[in-house]
Structures are given as C-alpha cells and as structure tokens.
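Read from first to last, the chains carry the letters A, B, C and D; within each, the first residue is number 1.
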Amino acid sequence: MTGTAEPVAGTRAAANWTADEMMSIAAARALRDGQACFVGIGLPSTAANLARRLHAPRLVLIYESGTLATTPEELPLSIGDGILADSALTVVSVPEIFNYWLQPGRIDVGFLSGAQIDRLGNINTTVIGEYDEPAVRLPGSGGAPEIAASCREVIVVMRHRRRAFVDQVDFVTSVGHGSGPGDRELLGLRGAGPVRVITDLGVLEPDPDTTELVLTTLHPGVTVEQVRAETGWPVQIAADLVITAPPSTAELETLRAMRTVGSKGSS
Amino acid sequence: MPDRVPGEVPSIAGPGRAHYRSGVAKIVPLPQAVTELVHDGDTVALEGFTHLIPFAAGHEIIRQRRRGLTLVRMTPDLIYDQMIGAGCASRLVFSWGGNPGVGSLHRMRDALATGWPAPLEIEEHSHAGMANRYVAGASGLPFAVLRGYSGTDLPNHTDTISSVVCPFTGERLAAVAALNPDVTIVHAQRADRDGNVQLWGITGVQKEAVLAARRSLATVEEVVDELTPVPGAVVLPGWVLDAVATAPGGAAPSYAHGYYDRDNSAYRAWDAISRDREAFTRWLRTIEEAAA
Amino acid sequence: MPDRVPGEVPSIAGPGRAHYRSGVAKIVPLPQAVTELVHDGDTVALEGFTHLIPFAAGHEIIRQRRRGLTLVRMTPDLIYDQMIGAGCASRLVFSWGGNPGVGSLHRMRDALATGWPAPLEIEEHSHAGMANRYVAGASGLPFAVLRGYSGTDLPNHTDTISSVVCPFTGERLAAVAALNPDVTIVHAQRADRDGNVQLWGITGVQKEAVLAARRSLATVEEVVDELTPVPGAVVLPGWVLDAVATAPGGAAPSYAHGYYDRDNSAYRAWDAISRDREAFTRWLRTIEEAAA
Amino acid sequence: MTGTAEPVAGTRAAANWTADEMMSIAAARALRDGQACFVGIGLPSTAANLARRLHAPRLVLIYESGTLATTPEELPLSIGDGILADSALTVVSVPEIFNYWLQPGRIDVGFLSGAQIDRLGNINTTVIGEYDEPAVRLPGSGGAPEIAASCREVIVVMRHRRRAFVDQVDFVTSVGHGSGPGDRELLGLRGAGPVRVITDLGVLEPDPDTTELVLTTLHPGVTVEQVRAETGWPVQIAADLVITAPPSTAELETLRAMRTVGSKGSS
C-alpha cells in the first residue's frame, strides 16, 4: 500500500500550510497511478484531482453521475457539473455506473467522507440521533453504501473532530468493518472496506486483528494528545507511529493552484 | 377550475394510458401540461441528476397548488425543497437530500421536524437502490436485484427494500420494489415537432424515469425542425411521452449542458432563503405571481 | 507450443484477473492475443449482433487449433459454424442459430446430428434470456430476472433457466443464470493508443459481453491518436480490456458500420460450402494456411 | 381492428400478382398508422415497410437489433444491416430493446413468422421432431418468444402449407394461445397473442370462445378446399367468410418497387 507520509513530488518542504491542506495532500499521496477511483464531491474530489496533477496522471476518476475517466481542469462545483462530462472518456447513465461499473468490483479505490465514523470504520451520513426524531437530519446515503461495499478498498477523508469520530455511529449508512473481524464477509461485502482514514490530524488504519481504527500516522506539529482529545473512543496508538512529511512546495503549490468551476477561490 | 388554462390546444391523452400508449407527444404550453398530467395525490418524479433539473415545471406545479403529492427524486435538490415548502408534498422518496456543494435542504428539514407547512413522510434509499427501482419500473418488472443495503440500517426503515435468493447459487441479494410514478417530468435540451426529445451531457436516470411512468412530460429549451445527432445523447421517442412543453431556461438555476451553467449564487442564496420561513414565504410569492 | 508466437511484445496480464483489473489494454498482434487469452476448454464469447462479428479473431482461434471450447453467442452466425466445423467447440450456448437472410448453419447441424468433427452439446435460450445473462454477468450478479420462457418448451431443456418470486408482489418471474465467459472477444471500428475502444452503429450486447468476461480482447479496424466522439458510440475503457489487436477487415464478411457493408455473396456462398464436408475441409485449409 | 380485405391505397385492381404478393399486401393492410411494430426480417419486414410506404407513414418500426423508429429506404438484408441504424430515430443496446421497450408492453404489434404454427396459434422455430434427436434443427428462439409474450397483439405471416399448419407444434418456441382460453393469463403473458394469421391463401383468426384458428378470409382465387388441404387440422370456416380484395395497382406497384439492400431483385 502506498504511504501517506512521504511527498509524491518535490523534496523541499513548504514553510507553512493549513491542516486541511495537509489532509488533502496526505490523501492524494495515498493514491497510485493507474488506479480506478470512485470519487465524491468535496474533500475526496480535491484529493483525487490533486493526485492526478502530481504523481498519478493516469488515475481513472469516476463520479456517480456517470462520468468515466474524467479529467476536469478545474474542480467540479457539483456531481452534475458539465466539466465532468466534457472531460470524460465517456458518460454512462446513472443505473449503468452503479450496476456495470461499481457493483462488480471493478473500482480500486472508493473515496468517502462522512458526518460520523466509528471505531470500526462504519460511516453515518443519514441522521444524528434517532432516525424518526433526529437531532440533525443529514443528506442520506447517496452512492456511499455501495461504494463502501464494492470498491476493492475504501479511503475515508474527514476532519478529525470528537463529534465526528465516535465510539458507535448513530446510523450505519455505509458499512466499514461492521461489527468487527469477518463481518464484511458474512454480509457479502466483497471489497476490503476502509483501509485508511485520513484526517487533518493524522491517519488511522484498521488493526489487522480487531479492525478497530488505530492511529498510525501523525501530521507534523500534531500531538497524540490532540488526536485523543478529538477521538470519541480510547484510540490506540501504533507502536511504530509515523510522522507525515510536511507538504513539499510542489505539492502545496499544485493544491493551491487548483480552482473550482465558476469560483475564484481554491477548493 | 381556476388553474385550468383555456386552451384551443387539444387535450392530451388521458391518465393511465401513457405507459401503454403510441402516437406522438403533443406540444402544449407548460401550464396545460401540468394541469392535465399532474393531479393532487399523484406520485410525481421530476428527474435530472443535478444536471437538467426541471425547475420550471416544478414552479408551475407550485403555482397550480397541487397537494398531497408523493415526490420522487434521487436528489431532491432545491426544486423539491421549494415544492415541500410550498405545501405540495405529503411524502418524499429519495436517496440524497442536500443542497449540492452548499449544505442542507432547510424546507425539507423543517417539514420533517415540525410538519410545516404540511407533515412529510419519507421513503429513503441509496442511489443504487433508486436507480434500480426506476430500471425495474421501465422494464415492466415488479422488482430489481442488486448488491446493496447489506449491513446498513436503511432496511429497518424502508419497506421497499427486501431480499431474494439466487435460484442457481443460493446467494441472498437485495431486492427493491419497482418505481412506476403516475407522472415523470424531465427537462431536455430540445425536441423536434413530433415530440421526440433529445438530451445530452450527464444523462442520469431520465430515460428510466420516463419509461417507468404512467404519464410523462418533457420540458425543453427549444423545439427544432431536426434533432441533429449529438454524441452521448439520449433520445426519447415522442410516442412514449404525453406532452412536450417549451421552457427556455427551464432547468435554471441548475445546468443545461450546452445552454447554460449552474447559477451557483442562486444555490448559495437558497441556503439563507430556505432557513427562514418568512424569507421563504416572500420567495414563494414571487413564484406564484410569475407567469409560466 | 507450436502456436505460441515468439513475441518481443510484453505478455498480457495473466488469466482470471482482467475482471478485477485496472491499467491499460496492451496493443498486441492478434496471434499473441489469442495465444495468451484463449485456452483449450475455455468458455469463449465472440459477440457482435450480426454487425461487427469478430471473424478475424475466430479464424485465428481456428489456426491455433483451440479445442473443447464452450462457444457463447446470441447468433452463432457463420463464424461459429466455421469454428464448430473446425473442431474447436464442444458446447454451444446460443439463442438463434441460422445463416441470417440465407438459411441454416450446416456445420452446426452436422455436429449436432452426427458429432462431426466433434460432438456438440447445446445450451439454448431466447435473445432476451441471453441478453439478460450478459447483463447479470456485467453487473456482478449471479442471475437476472425477466418476463420470459413462460409456456415455452425451452425450460425443459435448459437448466440455466429457473424462476424467482417477487418479494413485494408474489409474482413468479423467469430467472436466468449470469454469463461470465473466460474470455470475450469483440470487433470495433477503432481504438486509441491507450487501448480505449470505440464502436458504433448497431452496438448489440458487446459492452455487456466484455464487462461480464474474466478476460477480454477487442480487434479494431484501426488505432487512432484520438477517439473523436461519434453519436451513438459505445466506448470501452482500455482498463477493462486485456488486449487490443488491429485487424483491418476483421469483421468481414459481416458489417463494420462506416467501414464496409456485409459481403452477402460470402453469406450465400457459405451455404454451399458448409453443406458439404469436402468443400468445408477445402475452405478450412485456406484459413489454416492464411497468416493472420 | 383494421381489415386485411380492403385496399389501403388505390382502387383499381391489379391484373395479376403472386400469392406471396397477396400475402404481403394483406399483412400490410393489417397495420394502422402510428402503431409501434416489432418486426423480424423476411416477410414481416417486407409487410411492415410496405405499410409504411402506403397508408402508415408514421408506423414506428422496431427491430430487435435495437433500432428504434427506423425508416429504411430499402429492405434490410439482415437484422444487423447498417441501413436500420442510419435511418433510425435512435439505436439502443440489445438488452435495452428487450428490457425497456418490448418487455413492458409498449409495442402495439409483434410481427412473427415460423416453421410451424398449430391450431391454437403456438409457434415452433426450434426443431421438427424430438428436441434431442430432431428430424430438422431450426434456428431457434431469437426474439420471438418475448415478442409473442409482450406485444399487445401478434400478427403471424407465413406461407400456408400442410407441414407448417399442424394440429400441435413439435416444440413450443413462442406461445400463441397456449392450451386454449385463459391460458395466456395463467402463464402471465400480458399481450393478447396472435389475433391474425395471414397466409398466401387467406387469413385465420382465433375463435373468441375456443381460441382455435378459424379461416375468416380467403384471398381471391383461393378455394376453401385448398385451405383445408394445406391445413393439418380440420379447420373451421367462418360463417361470414370474407374474400380479400385483390391488390390495387398502387399496392402492387409499391411492393414491387421495394428493393433489398445490395440486391437488384425485389424482396
């Protein structure tokens, strides 16, 4: 598996950067050239398009709107952005993208985010609180449940906050490692599930024995105490904890140069 | 009927027959199409996957004060937030209910939380589930099979999710009930004078949604003499549509590939308008007062 | 191995991985592609619905003397009549086995009636059944559901036809087992240098047949620098194909839309050639002696 | 229902014509303008394209190769003929034509032919004799079984020969009226099945009570004895037996003017 710790372009470390920038760069580093990647709008789209501009020019980007092998020059504003169709190898219908492309397990990496993730990597984008009397009603499933089920591996990118990193999600929208080891197989889920959760503080990976998310990498300047404070369960720390190399100037300049369609600001 | 348009235009073939109907789609004014095809209590699908969202048709439904609708859409988007806020809906069938790239749908949230302006039931699926429900509906099958929902909490809340066993392998798979809306409405770039409709760019689930429906309407940017073939275009023959109505800009503020881009400022502005019932009510008045 | 081509060209990704493989299709000579992708005993689908039939690839399989193949094709057409007569096949999976517009497939009939040159088993479906078996295979599902076969005699003879009950309505529907060929071969108009393949005209079931297969090969009329979009075209990304081989005229005597029409005299002539084992054997020699 | 007896164009009767020509013209007369018609190659294709040139310019022709609303200037040589794609409103995949267009019952008329048809309108295109030891192996099902199942009505066009018009088909490839009244409903077949069998001798229609094919129309110059001689069951003759009007010169000239792609001869 590719590491997130080492720069993928350039060697000179940048002077200063934001935690979000470190998160996007770490996520981009996790992708290999030539992989087929099922991407959602937002942080995943930013990271995948950054990787394509850095070390993975042949990354195959697939959006659930049916755009296959799309190469947008700017970041799409939404899943329906015309730039995704104009720059795609081909556009297929929404039923086809799910049935012929995602479901059979052709996609290497599914890139997800969420409102809540729990210690076993299960993701909630549906409700905070009870389903029938929610404290917060979230958008819902979208394509996430089948991305989580069918991609060969899943990478989660989300900001590390205590309200988001919970012991158990209020609602299982997308299955991570379910109730633990062997559960994905029992459920008939053919992909490996979340192999890495990349946050603005570091990287968590499932323990091979328990599938519980363990802190394996810290971003530069971040402390284990910060991670503990922002994690809703007593998070384990890997013995061989790695420190992420800071963004290289090449990585950071490329990220900052990316524009979103119709806007002046970077995404 | 105050909302009936006095029309010389001959009336469209009656309800319930479109699904088994041949002939040509009638090209009629949008108000007449909505009057004749959309009835209180109908199950209505306005489709268009973030692209080509039929806003003009949705606003006409608001103007004609349809009530008790079951609104079906993978991504409710602003249009259903508006129709819910206007009181058209009693039920929402969907798979992702956000303001794309902006945030939440506050009218939907308000209706769910407080029942304002009317109580709203929901039937929630994943995108793959919704897409396959339309496929089953378009195929004349009562259900579709997919790898989905396993291990998620959705099947506990949605009774149109079940399972079947493969008669060859014994494997258990998810099953979803077919969707057959009373009426489906889509927006397309153009139609010819026989009512054949052509749409391109991100084509989404529009073909399935139209073919699954008992009645259907396409609004179009323009009617042309000939539909020059376009790479990647989907063509819906006039004989599977009941009506075509010209509605230039009918997908705004969403995209119409080749005609206009999304007006993102409108999507951002909606966040503030929809958060506040007063602001929304003022917005609603502007829609009700606007002519189609 | 006399039929292995000594090639500097690097070998194609190994068997069984294509279905889950990313990357780009290798552009290789046709003999190498057949040597590496088609093995004795394989289940092989050469698809193309009367249009774009991969004759060149089929003839290369004949030259390489593959044996014990299960040949899958909706319409066996001349190409499978030829491969059956050449002794490549032990089983045929099909839905319409005639010489289109001319008459019968005499080599197929001879093999069924007398076992010459080798005994031939058949697995017979309707077009709708075969198409849905490919759809299930392409979708990673073990079966597909359709309205079909009810009241016909085919289910008594074909064990890949069964039934399922709708969990919502209780209605019983036909079920067919998914098709997942070891290798699918299609012919297309063109490919780019990354092995992305573009085909148009009557596109048939080629996309489903390729996506259902564990390994896949596309022969093309030409390799071009860029695939200019064509209305109605299907594009198969290079990363779902193992190999692309240039084979100008590779669909002759069938059609290649925009390149050549069907050579109907060859279809008529086949009737006489295929009726007579001697005449067929002489024809076979010309194929075996011809270089790819 | 449209009759087959009266000319659809022109009034002047032609001088002489062949039985096949009378059959094609009678079949063309049976189609209404604006209907959607699922057509097979051969006699059905000839009749449907003739109707389109005569009284039904808006006839929607659909071929199983996926060509929707095709308007070929010449008759296609095969189901894969490029002229079907070039002159179509749109071309869809083969799975789509069967699943989205035929199966739901959108098609008004299915036009079939066959090697054998029996007194209840069941059609055999699979084998003569036993399936495992056939006397004659025929091409098989193709699209016929689902055309027979799902079109709102089915019109059969075939030459009237004793070996073809049998008491019971050797193999049911496509269901007509099955084992008799009510059987189609029991089998879940939603179309009406064969409403008319048009031959080179006349027209047979199912008896409303028994669904048995009854001779309702004789082509000019044909005798009831001829029909009896060529029918493998004791065929009933309708009390109000109609005589087909001979081809009009307009009908016959249009038929004879039709050419098949790549050939000089008429189809």
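Please note the rule applied: a residue touches a chain if its C-beta (ideal position, glycine included) is under 8 Å from a C-beta of that chain, and two chains touch if they have at least 3 such contacts.
Because the structure is predicted, anything quoted here is derived from the model rather than measured.
Participant: Between C-D and A-C, name the chain pair that shares the greater number of C-beta pairs in contact.
Facilitator: Result: the pair with more contacts is C-D.
Participant: Averaging only over C-alpha atoms, locate the centres of chain A and chain C and give their separation in whole Å.
Facilitator: Chain A and chain C have C-alpha centres separated by 39 Å.
Participant: Nearest whole angstrom, what separates the Cα centre of chain C from the Cα centre of chain D?
Facilitator: It comes to 30 Å between the two C-alpha centres.
Participant: Where the centres are mean C-alpha positions, what is the separation of chain A from chain D, in Å?
Facilitator: Here the centre of chain D sits 58 Å away from the centre of chain A.
Participant: Give the residues of chain B that touch two or more other chains, as numbers and ranges in rising order.
Facilitator: As it turns out, chain B has residues touching two or more other chains at 140-141, 146-147, 171, 207-208, 232, 234.
Participant: Residues touching two or more other chains, restricted to chain A: which are they?
Facilitator: Residue numbers touching two or more other chains: 90, 99, 103, 150.
Participant: Building nodes from the protein chains and edges from chain pairs that touch, which of line, ring, star, complete or other describes the result?
Facilitator: Here the contact pattern is something else, fitting no line, ring, star or complete shape.
Participant: Hey, which chains are touching each other here?
Facilitator: Once each pair is checked, the touching ones are A-B, A-C, B-C, B-D, C-D.
Participant: Chain C touches which residues of chain A in the complex?
Facilitator: Contacts found on chain A: 34-36, 58, 60, 68-69, 89-90, 99-100, 103-106, 108, 150, 152.
Participant: Please give the residue numbers of chain B that touch chain C in the complex, ascending.
Facilitator: Per the touch definition, chain B meets chain C at residues 140-147, 160, 162-169, 171, 173, 175, 177, 229-233.
Participant: Could you pull out which chain B residues touch chain D in their complex?
Facilitator: Chain B reaches chain D through residues 19-20, 22-24, 138-141, 196, 207-208, 211, 234-235, 237, 239-240.
Participant: Mind pulling up the chain C residues that touch chain D in the complex?
Facilitator: 49-51, 74-75, 94-98, 100-101, 104, 108-109, 112-113, 124-128, 131-132, 134-135, 146-154, 157, 171-172, 201-205, 207-208, 232, 234, 254-255, 257, 261-262, 264
Participant: Flag every residue of chain A that touches chain B in the complex, lowest number first.
Facilitator: Touching chain B: residues 41, 64-67, 77-82, 84-85, 90-91, 93-95, 98-99, 102-103, 126, 131, 134, 137-146, 149-150, 171-175, 178, 183-184, 187-190, 261-263 of chain A.
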